[in-house]
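By letter and in written order, the chains are A, B and C; residue numbering begins at 1 in each of them.
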Amino acid sequence: MTRRSIFPAIVTWLVLFFFYVPIILLVVNSFNLNSYGTAWKGFTLKWYTQLFVSDEGRAIWRSLYITVVVGALATLGSTILGTCAAFALHRYKSTLQNIHYTLIYTPLVLPEILIGISLLIFFASIHMPLGMTSIVLAHITFCVSYVTLAVLSRLQDFDMSVLEAARDLGASNWTTTWKVLVPIILPGILAGALLAFTLSIDDFVITFLVNGPGSTTLPIQIQGMIKRGRSMPLINSISSILLAITFLALLGSKLLMKTRPKK
Amino acid sequence: MKPSTPLRQRMLGEFAITLPSMIWLCIYFVLPTLIIFAIAFRSKGAYGGIGDTWTLNTLAELRNPDYPAIIWRTIWMSVICTLATLAISVPVAYHIARVSQWKRDILLLLTIIPFWTNLLIRIFAWRLVLHPQGMLRNLLISLHLIDPSTVFLGNPIAVLVVMIYTELPFAILPIYAAAEKFDFTLFEAAMDLGAGRLYAFFHVFLPGIREGLMSACLMIFIPLIGSYVIPDLVGGKDSQMIGNVIVRLALEQRNLPAAAAMSTVMFLIMSLPLLYYLKYTTAQHAKEVAK
Amino acid sequence: MEEFLKFDGVTKQFGHLKAVDDVTLTINRGEIFSILGPSGCGKTTLLRMLAGFEAPDTGRILLAGEDITDQAPNVRKINTVFQTYALFPHMTVRENIAFGLKLRKLPKATIDQEVDKMLAMIQMEAHADKKPAQLSGGQKQRSAIARALVLKPSVLLLDEPLAALDLKLRQRMSLELSLIHDEVGITFVYVTHDQNEAMSISDHIAVMQNGKIEQVGTPAEIYEAPKSSFVAAFIGDTNFFDGTITCVLDSEYCEVEVPDLSKKLICFNDKKLVQGDSVHLSIRPEKFSISLDRPAENPRQNVLPAKVEDIVYQGDHTRYWVSIAEDWRVAVTRQHNRFLLDQRRITWGDQVFISWQADDSFMLEQYREKDEDLLQMPPQNVGEEVPGAAVTAPEPSDTSVAPADGQATGQEEASQQ
């Protein structure tokens, strides 16, 4: 009969195992007394307390603060630009919009390192000092495309005749926009903003290339700690905290919005 | 009212919401990308800056005997990683598309979570797994599956494994999207006409999800060519890729023109798939708009 | 005709739902056999078990005496025409038809020859190199049939093959299917929810409900002699009368007392029931005669006074809803075999007489009260278009079913047997 092959199921579960083994190991290791490697030496909360008392811990928190500030600014900028762009792409059909679309789409497919290196060279050639400003500018640039596509997909999924219906029922342009259009596409904008924020705080390569003194974000901080081989257990503990936050946020947004951000 | 006024207003409206993103991308994306190509022919400046004269010397600097090997490695590692990722993703996507709705939601969520987790954290987690003092190695040694002299970190295999790990969600999701739209009655039709399960899989299912496969393929191959962090953190000397060279040139040697030239090389390698992908997505967009 | 295909006590359960419940069924060689029932009755599951896509929990399926219950779909000599056609979208019509032949590793010349023959039969030579997306519904349908028939199966399964087509095309394709069947002469098993399709095309029909076969018979048997209230109400339309036999007149006829009716009814006693038995009668609307004047007395004829409540003109016939008691309406149809204007017109509110021969009622073996929901009800508003009328197009009327509470009242003793 059509007994389904169990091969795909096996592969799926192996892949999920593959996905989660490193992550689980990391969380377990954050409670490991062993400060080197993963051989179990006993349970401890030392690495979590050190996160708050050691100099290295303070540096981590500072980098996290910078990451969030950069993320917030980049999200704000890219959400405004991206929402406008999505409206333009959805509303108008012209050569200008074809070019616009290509322009929006290309940064998505170009490897980060090319975007990073070109921005580095660009900032160098206009003699702009590297730091928070350059990082935020770079982050806005690569986030715009994601926001645009998230909002655009929402716009395309939606039957826009409700706008005509609203006008037909006597609503003004302004009312139509704020009472009908915005509520409809708000989930799209929020999904885009969330995506932008995640990408911004997650970004390493571009940030690494355009960062300057005093603007160390968390990924840069972690990379530095790995490279210097210092205070590695602290990476376990901060990562576990961040993983928990990500997990809860993701679960929360799933339950709240019931919309899936598109990649 | 002149009939031209609404048209002009319309165009003004279009410009008002098009220009912000367009100008931004022109300044911070198009211009810098064009500058790369130009800078490759500029002389080095003092303190890691860019000089004032045009030169062809940079091209000569690329004649480093290590570079051809690195370029070649970048290509084959990206190709192998892409093929392996696709080979793993297709059965997974197939499985997710065939289970019940709630199982599907859970599996998709489980697939997406790693994608939402910081890349550096994931790479660090892999360093724990592959660590010389790590559990995996100790386990395998105690099972006598590997020689005690085997080292996991710092070789191309480790780089490949972690690259596959990070790219899998990007392949599974688009392939799943295609598999979900696939009409599985076709599968039954094929079996009804005498096909075995494998035959139906290769001759009916795979052609049916061709578009998803194509887009997944390009979506992971192009960024792989630009890999930097993974070879940097889990690879060794024999697993460096073009990205590592570019960063070394730019940040350690402060030789921006050489970094630009190397970037141009990278760009050339991926230009064909890139153009194909752009053409494809633009056509898709045009179709979507026409609806 | 010989026994060819047999379901022997087949049961299939999905979770708590018995999709197919102990079905035993015999299909003859070379006939068109329809499995007819409302959606969810288990007909598709039955077909999928025949194709091999589902395995029965218990029971056997025999093809020409051979047990094929555990045969994989790809080795059964049974092919399927899917409801959605399931043409491979990346292949041309020709490639689709050649698919199964290629799997048999036949030489290319033979394949081409067979495919050409099929293309000629379905008159699709001109479209052979088109992809399914470029075809019309009817062309897709024909390609799907050709793809299955080219393998020369012993049995062709058709799963609601006409459901995706519009009404006109459905009628044409149904005719074409009969012609193709005449040409290839193999057994067709045809699953549908549309009684018109089943009636017009089949040699035998099995009516299914809740996973069980309610009745098997020729279209005429199913229509004229329904065994259950479900079959009577699902195939065509009918009126139910429930009563008790008060007197057996002779070997052939009996008198039935029906609550709420002023008169006892005289009925043909085909079940050979005796006095005191309760009985459920089904009378088709077209069996009634309707007239303004009282018809001449006849000992073998029933006459009831009635009042016209509603009239729906339907071209070749007119349907009247007349009340024969408080809250009890029956449907009556009258064919327009004479020109309508010849007679005095019957109109709303008229006192009329309905009459029928004792032979025109039929005693049901099984009666379920909820089957009355299947009966057609008078439209709420005459002239208003009834949703779904164009889709179902049932015979003999075109109006859709809207359950009302009128007919069943006062008949609480209505029993389940």
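In this section, contacts are C-beta pairs under 8 Å (C-beta built on N, C-alpha and C of every residue); 3 or more make two chains touch, one makes a residue touch a chain.
Bear in mind the structure is a predicted one, so any value in this text is a computation, not a measurement.
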{"item": "B-C against A-B, pair bridged by the larger set of C-beta contacts", "value": "A-B"}
{"item": "Most widely separated chain from chain A, with each centre as the mean of CA atoms", "value": "C"}
{"item": "Inter-centroid spacing, chain C versus chain A (mean Cα positions, whole Å)", "value": "59"}
{"item": "CA centroid of chain B to CA centroid of chain C, Å", "value": "58"}
{"item": "Geometric centre distance via CA averages, chain B-chain A, whole Å", "value": "16"}
{"item": "Of all residues in chain A, the ones touching two or more other chains", "value": "2"}
{"item": "Contacts with 2+ other chains: residues of chain C", "value": "52-53, 72-73"}
{"item": "Touching two or more other chains - residues of chain B", "value": "188, 191"}
{"item": "Residues on chain C engaged by chain B in the complex (per definition of touch)", "value": "51-53, 72-75, 78-80, 82, 84, 86-90, 99-100, 103-104, 147-148, 151"}
{"item": "Residues of chain B touching chain C in the complex", "value": "183, 185-186, 188-196, 199, 204, 207-208, 210"}
{"item": "Touch list for chain B against partner chain A, complex", "value": "14, 17-18, 20-22, 24-26, 28-33, 35-36, 39, 48-50, 88, 91-92, 94-96, 98, 107-122, 124-129, 131-135, 138, 165, 168-170, 172-174, 188, 191, 197, 218-219, 222-223, 225-229, 233, 243, 246-247, 250-251, 256, 259-260, 263, 266-267, 270, 274, 277-278, 281-282, 285-286, 288-289, 291"}
{"item": "Residues of chain A that touch chain B when the two form their complex", "value": "2, 4-5, 7-9, 11-12, 15-16, 18-23, 25-26, 29, 36-39, 80-82, 84-85, 87-94, 96-107, 109-115, 117-122, 124-125, 137-138, 140-141, 144, 148, 156, 198, 201-202, 204-205, 208-209, 218-219, 222-223, 226, 235-236, 239, 242-243, 246-247, 250, 254, 260, 263"}
